[in-house]
Every structure is written in C-alpha cells, then in structure tokens.
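In what comes next, subunit A is part of two complexes: it sits with subunit B in the first one and with subunit C in the second one.
Up next, the complex of A and B:
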C-alpha cells in the first residue's frame, strides 16, 4: 500500500508527545560554559569604551568584546557582511550585541555581565525608513561590503552607496504613466504594516566547540545548516570541511532561524574559552534578534469602467533594521509580487530595503509578500465598490491563468489560483455583491461582514538541494538530507517520497537530522522549498536505487529491467507476481551474502534568476497560490473585531500528506490572524517596549475562530516530486486582507489601511466616516465613504 | 547555600539539595535530566514549562524548587508508566496535535490538568483552560480535537460501565 497522499503518522510523534525530542538547549557537553549577552541600551551610539577586565577576573569567566576579534573576519551576513560578532565602533539598535560572557553557570555569567563597563556617545538615530532617507540623516553603513556572490538571485538587486537605502529592486512593463492617465478610475493609497515578531516557542540556541584538530563543531537551532557552515568557514578562514554544523529538532522558526544568528558568537567565544559554549536567548532577547519588516506601501492603480485593471504602480518601502540579513531578498521578492496575481498591462513595481536603528528584519513566513498583499487586495475591494461590482467577479476578470507571463517575464505554469478562489468563495458562502453589505448580528451594536482575498508568491530561485539515499541489505533505507525538521514534517513527508519512489514500506525509510559532516548541501529549510527541491532530489536519488535493484533482479528473474516493478519491498515481474525477489534476496544475489549497500545521490539546482538591467528573467521555480475568506463581527461601540470564521485554499501541486498540509496552513492562518488584529512591536525612542508575551499578544486558543478551515487544490508541477509544490507559508498572505475586506463590508465600505486593526483604529475610522458623511449631507454632495 | 528538600517526582520520592534561587524547571532539566519541560519565555507567559504539582498544572519556570517540598511533581516523563502512553498522549499522536513539538509537553500537561479538573469539559472550557499554552505552529484545532477524543472515550467507557 502506498503512503503517498495519505495522513501517514508523523515519525517524530512518539518523541514529541513523550518529551524525548532533543532541542539544542537540551544538549549539555562536558565542560560546557553558559553564555550571556550584554546588549546596547541605545539605538545608535559610538562605543567609546568597553572594558571587560573586571568580569574576566572571575574564575572561569571568559569574555568576548571587540578586543577579541583579531585574526578573524568579524563580519557576517547572508547578503552583505555588515553585522559584526560584537559591536566594534558603534551600536546600531537597542539590543545590539556589545559583549558576551561565558561562565560555569548562567548565574555567574549574569553577575559577570554587570561588571563590564561600557561608555556610549549617543548618536542621532533613525526610527523608520523615511527618517532614514531624510536629508542629514546619519548613514548607518557608510562602508558597505561587496555583496556576496553566494546567492545568484542577488544579482538583480541594486545596492546603494552612501545612503541608508540598502538595496532597490525594480521591474516594469508597459507604460504606467500613460496607462494610469488613460484609465477611467484612478486609485492612490498608502497602506502600512508594523514590525512583528516570529514568536517561535523555542528561543534561539547554539552551542559550539573546537576539536583538537582544529575543527569547529556547532549544534544549533538553524533553518540552513549549509549556509551557517559557509559563513563560519569564511569567518575563520577554514575550509568548509573543517566546520561541522549539526541540527537537532528545531522548535519553530518561521524564518527567524535562517542565516547566522548566535552561531558566530558561540564559535568565537568557544575558541577563546577552549571549552564548549552554549548560548540560549531569553524571550526578551528573541524579540531583538529577528523581526518581520515593517512596510509602507504606496499603490496606484488605474482601472477601466468595464473592470479591467490597466495600470499599477507600487512603491514598497521596507524597514530592514540595523543589518541587512536577508532583507534585500525579502524586499526583492515582495517587490515583484506587489502587483498581485493579476493581468495588468502597465506595471511599475519598486521595493526599497532601508536600514534603520531597529532590530534586524529578515525572513518571516510569507517573505515580503504579506506586506504587499495587504495593500493590493484591500484596494481591489475598494475598486469593486467604486465600480459597483462584485469584488470576487472583479478578481475573476483580472486573475492570472496558466500560461500567462508574469511581470518578471516568468511563464506561469501549474497555476490553480482560480480553483483556490472558487473553493474559498463556496466555503465562506460568498453570494456576490450582496455579500459586500453589512450583515446583521443578533447582538445589538454588532455588525458582521465577509471578505475574500488571493495571493501569489515566489520561492527562492535558483537554489540547490542535494540528497543521498542509502538502501541497506535488510531492505531499510536512509535519506541523508540537510533539510531541518522544524515542525513542518519533512522526516515524514520526505520518507513518504522515498518509500513511494523505491517501492518500500514507509516504516523502512528513515530521514536523518542535518549534520554537515555527512548530509549533503541544502540551501535552506525555508521558502517552503523542502518538498519541491529536496523532495525532487530525494526522488531522483531513490530512482537510481530502484534502477540498480531492477538491474540486479532482472538477472535473477530472467526478465528485462523494464518489465519489473517493486512495491512494499518486493520486486516482481509485471503480471507475474510469483516471479519475485525480496531486497535481502537481491543483495544476496548481487554481493553473494546480504551485506553492502546501494547508493543514490542527486543534486537539484532550480534554474532561473533575474537580470540586473531590468529585473526580469525567471523569478521562481514554482509559484505559491492561495485564497482566503473571513467572516468577522465588529463591535461598533468598542471597535473590537472578532474573526468568526476563516478559510483558506492553497495549491499544493500534489498533496504528499494532507494532515500536515492542513496543520501548516492553520499555522500560517493563525500568524496572519495575529498580524491582522493585534500584533505589533512598539518602540519608544528606539527602545522596544513590549518584548514579552504579556505585552505582545500572539493568538491563543481563546482567539481561535469558531471555524478555521484550510483546503487544498492540486495543480501538478512538472519538476515537483509527484507534482508537489511548496505550500507551508502560502496561506499567510491573503488572510489579513480577507479580514480587512470583511471589516470594510461589515462597516458599509469603511477602509482601514494600517495593521493591526486595533479597536481604537476601528472606532476612529467609524467616527471619521460619520464626520465625512455628515459633512457630505450638510455640504450637498461628495463621496459618503471611499 | 543549598537546601535539602523532600519531594516526589514522577512517583518517586527524592531528596534534593537545591539552591534557594533555583526554579523547579532548572532543577528538573539540569539535575534530574527531565528535559521534556522547556523554557519558552521564563516568566510564566507561554506554558511550555507546564508540569503538575499535586495534579494541578503550574509554570515550573515560576516555581522555586524549594516550594515543592512535600509535594508531588509530575512531568511529561512521568505521565504514563515507562514504555506506555497516557490517553492524552495517545490522542495527541492520533490527531497529530503537534508540529515543532516544543510546546507539546507543556500542552499535554495542561490537558492532563484540565481533564482532572473538568473531565467533561466543553469546547469553550477547553479553550479557556488551555489559553495559557501558546503554540505558534498553530496546532490548536488538533489539540482541541485530541482533548475531545479523550473526553469522548472516557465518557463512552463510563456509559459502558454503568450500562453493564
């Protein structure tokens, strides 16, 4: 029986429900020291003095300051090496790493931190991307390193010199100005989303030590062990073979654990200490280590009276914080997706990645797209309202389809967005234009509404994933992979792919944890790329093994290899099930006794990339497509919104494990729900003020809607294993605009443009609309509500 | 200065020498190698470190180890006899009510407490009781289903017993 497409039980289940699953902080090594970080109290300052001598005098305490960086390249970074292990001449955000101590216990380490003397000279700081671009603003990174050539897709990003604009991406087609001017209606709006927090339950954690032979070993909660290895090798001028990165179970990441975070710190400190050093962040520190880009998006759209969208210009400005991290890619990918999944003749799309004195923004589930989906899907409903048409019909009219050319020049394939939209329309009970009107609630003062939104998103392209499969003589197989089990279930789903490909029982297939000494290169467990890319590599590696088995069995069964089949570990001649061979029998035939192993290996690189001159080419190996619907209830007296129902539909290409897909969708939806209604990191004079789960409210079980449903459609992709595409973050983007549209419909067209949709904002919008309405009635005309 | 305390951990009586400033979570993880309870926030706001003290769920990160003198502590490791699973663990497995798994031991311990206090809890009560256990992977619906499964099984078993 094949397990593909079934809810095969998760192989990590028994370990996780019994508390036996090992996370990085569970690893205790002999002689290990515990590290604590001294962080900047200022958003921008010159470091006048850092004196750790008093702390160093404590027995067993080892400190790391800017004085300990001799002989290494102290800078790291996924795209630009602009982030030092510890601050060197300046600190760039409140929370920046100034010094680190390691001690026999965390208590001693904390005592030692207090003994480090730091003198700052405050510098003017910039709190948002517009302040950062104002004349006279302090330039945060005057000396810019050359962009890394490690990632080919960065060639299409334009890095700026002598500016806080880190990078710009631009792509266009047609003639926006002419198209916009000629359109029957023009819309010009600004939408914003705030800085939010990933909220992975496992804080960042890394442990490092140096072997006597000079090899660096790091156990770490990362999403991309191969990249960590490269970055550490470069930092210490070591061959990559002398850096070993091992990743146990990871307790969530959602992008926050991509690229170096704590690994450089523990590597440098353990080298000085000559002992293993472990660093586990506190929750407050997690809030300062990685965040989602705040963004301000101006979107101009020209639409004709017949409903055809003809011109769109988007300028998306992202706050990338103090260091680039993977921000330039996040903003690039958000940039070309900012026009939405629509056929629009004239487009002009630009995204700006801007440094500020804020915690570094990086990858976050959705990767730059939720910031632009919020504007384009909100404006879509406003346009429908102005035209007096059904917003779903307006989407149907303009939606991209199979075979269309995207603004980047990509020929779109495996596009089931229309199916996603129709699934959501049915599930949420959309009834055409009638659904754009407020629905009564049985509670006085409450109104209800429903809303719909859609999304398109790319995956990291080009990128590499290599897999190695070993078949043992007893018929068990191992997939050696650097894909990280971070909760999304690759140990189960990749095993399903290998079992299906070779023809083995699922229970016979094991998937390894990443260990760069043994598992081959994988670019990243992110961008929802594991099933597509690693799954493709695993499938090809598995096919090599199946072919070898058929070669061996053909001789024994006196049949052509092409006439053989294999299922559940039994090789047989097609149509003659009695002429069969078990795997141990095949090994015995081949090696004389049941010893040895069969190997398969495959390195899959997706093709593509965008040209520097026009930002065009092939942006994505496959496209994420999704739709969302929401029903909300708004308390018009308090402004509080409750989401009663939320549904999404995602195009998986081919569903390997439905239950895992549903659960991942629910995760995307829940994060989106929080970002829509309540989540926002707040800063006061550059200081984060709500860095705890008490003050920063992530959705709990009580915030969970009554109905929360995810649905899947399958539009197979030729390069995906069995047609599968990525799906893990697809449901996130359209949820917030679906909620916003539902709120607008509940309130008779009142549009909120700033997330989150806090009660006071809702009340202000209701009041403002009432004032406008009164003025319009008194002033004889004008638009009642935009 | 360490203090000697007598306590019961997972059914076994223990004498522990602990410094007065150490939390129960630290002692469980570092002295007893019971690493199922984990630290997600360290200040009692996420539920990942939930254990039972005398059958009631508490945040072990907020509990000083000296406070369990004379009391009985149950962690995820002691929720079922070795090699077996509790009904709640089985239901979590069956419903696949976890993703990254970091919050799972705490979530399961909170459910054990819920079912002890409210064996017939309805959905609203389940949500209310478990609202202190955060899961960012978004596995809440599967957890709710798992809890309902256990309640239904217990109810069915009770009905069967009373019918027979």
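Up next, the complex of A and C:
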C-alpha cells in the first residue's frame, strides 16, 4: 500500500501536541549566557556616544557595541550587505540594534541594558517611500555595498546609487502608451497595502558558541540554514566547513525567518564572551525584526469594448524599511507578477524597492504578490462592472493558458488556472452577472455579496536543493536534508516521497533536521519550493538506491533489473510475486552479512534567471496558480465586514498529502483574511505603536468564516516529484481581492482601494458614494443616504 | 522581566497592610493587565502583592434583599458561568463572556478589572448600568462607593493607599427589567471593545416605563446617557424613537480617538449601537 497522495498522519504530531518537540529556545548549553538587545528609540539618528563600560563592570556581563567589531565584516544582508550587527554610526529605525548584553540570566541582562549610555543626535527621518524620494530627503545608505553574487536572479535588478531607491525592476512587452491610448476604456487607479507582521508563534531565537578548534556552531530558528552558514562564514572570513548551523523544530516563520536575523548577533557576542550566547526575542521585538512590505501600486489598464485587455502599466512602490534584506527580490518578483495571469499584448511593469526609516521588510508568505494581486484583481471587477459583463467571464476571456508566453518570456507549463477558477465558481455559487448585485441579508441594515479572484506567482529561480538518502540493512531509510520542519510538514511529505520512490513502508523512512555539518546544501525553506525542489532531489536520490537494490536482487532472483519491482520493502519479479527478496536479504547477499548501507544523493538545480538588459529570461521553475472566492456580509451602518464563506483552489501539480495541503490553504486564507480586514502596523512619528498582540489583532477562531473549503487541481509538472509543484503560499494572494470584490458587489459597486478594510473606512466609502449619488441626482450632497 | 519581590499574604488585612507600607507596590491577582504593563516597561515593580492566596474572596452570592455580591478574586469566567449571575443579572454574564478569550477570562478577576480603570473594557459598562457598588477595604474597615463614582479617569480610581476592592455588589434590579449588553469590535472578535452599550428597560407592553443606557469604551469612564433615559420614558421603541436615541447618543457623547477608531467614527458607532442594544433588549433581553 502506497502512502503517496494519502492523508498520512504527521510524524511530528505527537511530539508537538504533547509539548515535547524541541525548539531553539529549549536548548540550554553548559555555561550559556542570555542576551538582551538595547534598541534605538529614534527612527533616524547619528550615534554620538555608546558607552557600555558601566554594564561591563558587572560580573558575568558581556556587552556588544560598535567597539567590538574589529577583525570581522560587521555587515550582513541577503542581497546587499547593508545591515550591521549593531549600529555603527547611525540608527535607521526605532528598534534598530544599538547594543547587546549577555549575562547569566535575562534579568541581569535587562538590568545591565539600563547602564549603557547612548547619546543620539536626531536626524530627519522618512516614513514612506514617497517621502524617501522627495527632494532633500536624507539618504539612508549613501555607500551601498555591491549585490551578493550568491543569487543569480538578482542580476536583473537595478541597484540605485545616491538615492533611497534601493533597486528597480522593469519588464515590458509591446507598446503600452499606444495600446492604452487606442483602447476603448482606460482605468487608472492607486491601491495600497500597509505594513503587517507575520505573527509566527515562535519568536526569533538563536544560540551560538565557538568550539575550541575555532568552529562556530549556531542553533537557530531559521528557514535557510545553508544561507546562514555562508553569511556567517563571510562575516568571520571562515571556510563554510568551519560554520555549523543546526535547526531544530521551527514554530512558524512565513518568511520572517529567512536570511540572517539574530545569528550574526549571537555569533559575534559569543566570540567575545567565550561562552554560548542565547537570544530569544520578545513579541514586541519580533515586530521590529521582520515585516511585510507596505506598498502603493498605480495600475493603468486599457480594455476594449469586447472585453479584451490590451494594455497594462503597473508601478509598484514597496517600502523595504531600513535595510534591504531580501526586499529587492521581493519587489522584483512582485513586479513581473503585477500584470496578473492574463494575456495582455502591451505591458509595462516596474517595481521600486525603497528604503525608509521603518523596520526592515522582507519575505512574507506570498512574497510581493499579494500587494499587486489586490490591485489587478480589484480593478478587474471594476472593469467588468463598467463594461456591464460578468467579471468571471472577463477573466475566462483573458486568462493565460498552457503554452502561453509570460511577460518575462517564460513558456508557461503546467497551468491549471482555468480549472482553479471553475472550481471556485462552482463552490461559491457564482451565477454570472447577477452575482455582482447585492444579496439580501436577514438582518436589517446588512447586505451580502460574493466575489472571486485569481493569482499567478513564481518561485525562487534558479535555486539548489541537495538530498542524500541512506538505506540501512534493516530496510529503514533516512533522508538527510536541510529543509526545515517549520510546521508545513516536510518531515511527513518528504518521507512519503522517499517511501514511494524506493518502495518502503512510510514508517521506515525518517527525515533529519538540518545540520550543515551533515545535511547537504538547500537554498531555502521558503518560496513554497521544498516539495518541488527538495522533493525532486529526494526522489532522484531514492531512485539511485532502488536501482542498487534491483541490481543486487537481479542476481539473486535471476532476473533482469528492469523486470523487478519493489513495494513495502519487498523486491519481486514482476508477475511472479513468489520470486522475492526482503531488504535484509538483499543486504546479506551484497555484503555477506546484514550490515552496511546503500547511498543515494542528488543535487537539483533549477535553471533560469532574468537578463539585466530587459528583465526577461526564465523567471520561475514552476508557477503557482490559485483562485479564491468569498461571501461577505457588510453592516452598512457600522461598515463592519464579516466573511461568511471562503473557498480556495490551488494547482498542486500532484497532491502528496491532501490534508497538509488543506491546512496550508486554510493558513493562507486566514493570513489573507487578517490582512484584508484588520491587520496594520501603525507608526506615530516613526515609533511603532501596536507591536503586541493586544494592539495588533490577528484573526481569532471567532473570526473564522462560517464555512471554508480547500480545493486542489492537479496539473503535473515534468520536473516535480510525481508531478508535484509547490503550493504553500498559493492560496493567499487572491483571498483579499476576493473579499474586496465581494464587498464591492454587496455595496453596489463601491470600491475600496486601501487595505485593511477597516469598518471606519468602509463606512466612509459608503458615505462618499451616497454623497456622490445624491450630488448626481441633484440633491443635497452633504446628506448621507441613511 | 526584572526581578521583584512577591508577597503572598494569606489574609486581606495582611495584603492591605503590605500595600500601605509600600506605596509603590501594586496588588496583582489575574495579572492580565498588570503583566502587560510590566512587560512593556510601563511599570517596573519592586514589590508585588499577590492576592491569590487569600481564601474566600472569590465567592459569588445572591440575596433577594441586597442582590449580588461578587468577591474581588472571582474570575470573569466564574461570573459568566455562575448560575446566580445568569439567573438574576444575565447582562453581567454577557459582558464578562465577551471579554477577549477564555484564557484571559480564566485569569482576569473582577476586582482587578474595575481597579485597573481601563476604559476599553466590557464589564465596567454593564456594572455601571446595573448601579454596581464597589466595596473598598483596608485592614481596619470597609467603605462603599458607586462604581460610577469609583472610576475617575483613564487608569485612575478612587482607591486610597492601602485600600483594595474586596467585592463588587449589584443591587437587585427589581421586577420587570430586561437588559442587554452589546459589544462592538473593529478588528478581531477578541479585541477590546470599540464601543460597548449596556441597557436596561422596564416595559409596559410596548411602552418604556423606565430605561437605563450606558455607553462604554468611547469615553474615559462609562457614560450614562440620562437625557436618553428620560426621553425614552413613556415612549414605544419604534423606528422613530430608536433613530432619535441614536441621534441623541451621537450628539451627547464625547469619544476619544484611539487605535480602534477615530472619535468621529465612534460617535456614530455609539448611536447605532445604542439603537441596536435597545432593540436587542426589548426583543431578546430576558425579563426579570
């Protein structure tokens, strides 16, 4: 019996529900010190003085300031090395790291923080990308480091000098201006999304120590151990073999734990302390460590009376905060996806990644795409309304299909978006143009509406994943991988792939935790790439083992290797189940006694990359495709929205574990629901004012829709294991615009363009529409229709 | 969190004496409010007086003559689930039920809730509408104050040094009263209220004999809308009356801006929710 495609129970389930799973903060090492961070109180200031001498005088206290950076490269960063371990000459956001203290306990460390004297000289700060580009704005990174060559895809991004614009990505086809001018209808709108935080349950945590031989060991809650190893090796000028990164269970990340976060701090501080140093952030600090890019998106679209979209220009401006982190890639990937999954002859797409005096923005589930999907899918419904056509029909008419060429030049394969759309249409009960009208509610003052949206997204390309599989003489196998079990289930799903490939019972396969001393290179547990990339590598490694087994068994069973099959650990001749061999028997035949092991290893590199001159080439190894539908109820007297039903459909290529896919879709839906209705980081003069779960409200189970349905489409990809593509992030993008479209339909076409759809905003929009309506009827414009 | 001294007196008198002796010290019971202030560095304690070892202060009792008495250490969950509260003062059960989530309600105590003086809270609105009285005790004596007089401003109460809220009392509402509490959140359902409306009605058929209306979470202390109460007397709750109530509440209240909504929005919200609370009260509110 094969486990592939079944709801195999999670192997990490029992440990997690009984509280026994080990996370980074659970690791206590002999002699370990506990660190606390002194953070900037100013959004932008020159550091006049940092004096930690009083704190240092306390027995057992070790401090880290800019005076402790001799002999290392103090800057790190995924794309640009622009972020210092601790502030050197300036602080760039309220919350920036000024100094760090390690002590025997967190209490002592916290007390010692108070003894560090810091003198700031306030500098003018910029709170959004437009202020940052205004004449006379302070330049945050005058001396820009050169881009990291580690990531080939960054060659298509244009880094700007002497400007707060960190990078620009541009791609185009046809002639937008001509196409737009010639179109029957023109639409020109600006949409915005605010800064939000991931809300991962486990805060950032890292622990480091130095072995006597000079090897740096880091236990850390990261999504990409291999990249952390590289960055730390570069910081200390060490060979990568002298840096060991170990990752236990990680309690969620959603992108917030990609690329260096606390690892440089604990590495430098433990070097000075000569003892292990552990740093675990508070929730408030998490809000200062990684956030999702706020964005402002101008979208111009020309559409003909027959419904054909002919021209689209998008200018997406992303707030990347004080440091680049992975922002340039986030903005690039959002940039080329900003035209949407549509055949549009004339396209001109630009994205700007702009520095501001705000917490650094980085990867967040959806990676730049929800910011642009919100505009293009909202405008789609507005265009349908103007044309008087069914918005679903308009999508069907313009949708990309298998074999099309994307704006990046990618030849699109494994494209099941039309199927996703039809599943959602069916599940939400879309009835054509009549579904664009308000639906009555049984409560007076309330109206209902349904809405639909679709999305396309890329994955990190090119990228590498290597896997190593070991088969033991008792028939058990281990997958050695640097993919991180961050809650998304690779310890189960990758085991399913290996079990299926070799022909073993699922219970015989285990998946290791990342330990860069033993597990091979993996670029990242992000970009929903683990099943596709690591799954591919694991499958190829597993096949090598199966082939070895067949070769051994062929001699014993007097058959050609090609005539053999294996299932549940039994090798047999096809059609003659009695001519069979167990794995221990095969080992005995091969080694003389049941000892030893068989190895398989494979490094899978996806190919691609975009050219610097035109931003084209191959953007993605595979494409995420998804659709979402929502039914909402709007309280027209308060503006409050409740999502009654939500449905999502995602093209998985091949579903390895349906229940895990359902949970991914459910998580994406809830994250999107929060971003659509309520989540927003608020700043007052550069100071974050709601950095806690008391003031920053994520959806609770009470906010969960009355009904949620996850649906899957399977359009196999030739490079995916058994055809599987990534799917973890896919459902997120279309949910917010589906909600926005449902609200617009409930309110007779009232369009809200700024997220979140706070009740107050909705009520203002209802008022404004009533005022416009009254004015249009020649009535008293000031009188709201209520 | 910094280290601090924790006293765990086993008697009310000892707790009060400790607080009198250490004016900077604070009493802690559930800790749901105080711990946040401590974690955010707003309050750095040297000494905390834990009240949870004191026995007999979580009792909930009912007396036909004097009404409900809730010991200060009763949790919001205790109150919400108390058969006595549900039978005699269902609005109070509701106002406790809608606070945050079950984890908070299991810890937060009613004494802490009123002593904290936070305007963004549900129970005080209901309690003010019900005419609740707080018992303020020291080692040597007890005085009583109307909750409406006890709450002075944001995080400000009439507690004197060494005094603790020992109980909250609610007089019996009398026959024929219906009541309702209506919470409105602008973000998650677990959010604090953007507005809370507590209302009591004594109806004679369709006609309002007597009304009480308190709007909470929009002003620094719950606002009793006495002009609305008198307006309602003798009227039936038809659409016209409700609309006028909404208008009067919006005109009469002076909301504060906060992260849950602007003052202008809350002004409007208060009117709408007052109408809805009255409607709910007249149709669903259990008559007693």
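FYI, the second predicted complex is superposed on the first by the 778 of 786 C-alpha atoms of A that agree within 3 Å, B and C clash if a C-alpha of one lies under 4 Å from a C-alpha of the other, contacts with A are read in each partner's own complex, and residues count from 1 in each chain.
Note that in this section a contact is a pair of C-beta atoms (placed from the backbone, for glycine too) under 8 Å apart; a residue touches a chain by one contact, two chains touch by 3 or more.
On a predicted model such as this, the values are computed, not experimentally measured, just so you know.
Q: On the A-aligned overlay, A:700 touches which partner chain: subunit B = first, subunit C = second, or both, or neither?
A: So A:700 meets both subunit B and subunit C here.
Q: Once the structures are superposed on A, label A:486 by its partner contacts, choosing first (subunit B), second (subunit C), both or neither.
A: After superposition on chain A, A:486 lies in contact with subunit B alone.
Q: Identify the partner contact of A:575: answer first if only subunit B is touched, second if only subunit C is, both if each is, neither if none is.
A: Neither subunit B nor subunit C is touched by A:575.
Q: Please indicate which partner A:239 is in contact with in the superposed arrangement: first for subunit B, second for subunit C, both, or neither.
A: In the superposition, A:239 touches no partner, neither subunit B nor subunit C.
Q: Is A:282 touching anything from subunit B or subunit C once the two structures are fitted on A? First, second, both or neither.
A: A:282: touches subunit B and subunit C.
Q: By the touch definition at the top of the document, which applies to A:692: first (subunit B), second (subunit C), both, or neither?
A: Touch partners of A:692: subunit B and subunit C.
Q: I'd like to know which partner A:592 touches here: subunit B for first, subunit C for second, both or neither.
A: In the superposition, A:592 contacts neither subunit B nor subunit C.
Q: What is the shared patch of subunit A, the residues that subunit B and subunit C both contact?
A: 107, 282, 692, 694, 698, 700, 702
Q: Give the list of subunit B residues in touch with subunit A in this complex.
A: Within the complex, subunit B contacts subunit A at residues 21, 29-30, 34-43, 45-46, 48, 75-77, 85, 89, 92-93, 96, 98-105, 108, 126-128, 130-144.
Q: Inside the complex, what are the residues of subunit A that reach subunit B?
A: Touch residues, subunit A against subunit B: 7, 9-10, 12-23, 25-26, 28, 107, 198-203, 249-252, 254, 280, 282-283, 486-489, 659-660, 663-664, 666-671, 692-694, 698, 700-702, 704, 708.
Q: Can you check the complex and tell me which residues of subunit C touch subunit A?
A: 1-3, 36, 39-40, 101, 184, 186-192, 259, 261-262, 265, 268-269, 272-273
Q: Considering only the defined contacts, which subunit A positions touch subunit C in the complex?
A: For subunit A paired with subunit C, touching residues are 106-107, 110-111, 282, 284, 637-638, 640, 677-678, 682, 689-690, 692, 694-695, 697-700, 702-703, 758-760, 763.
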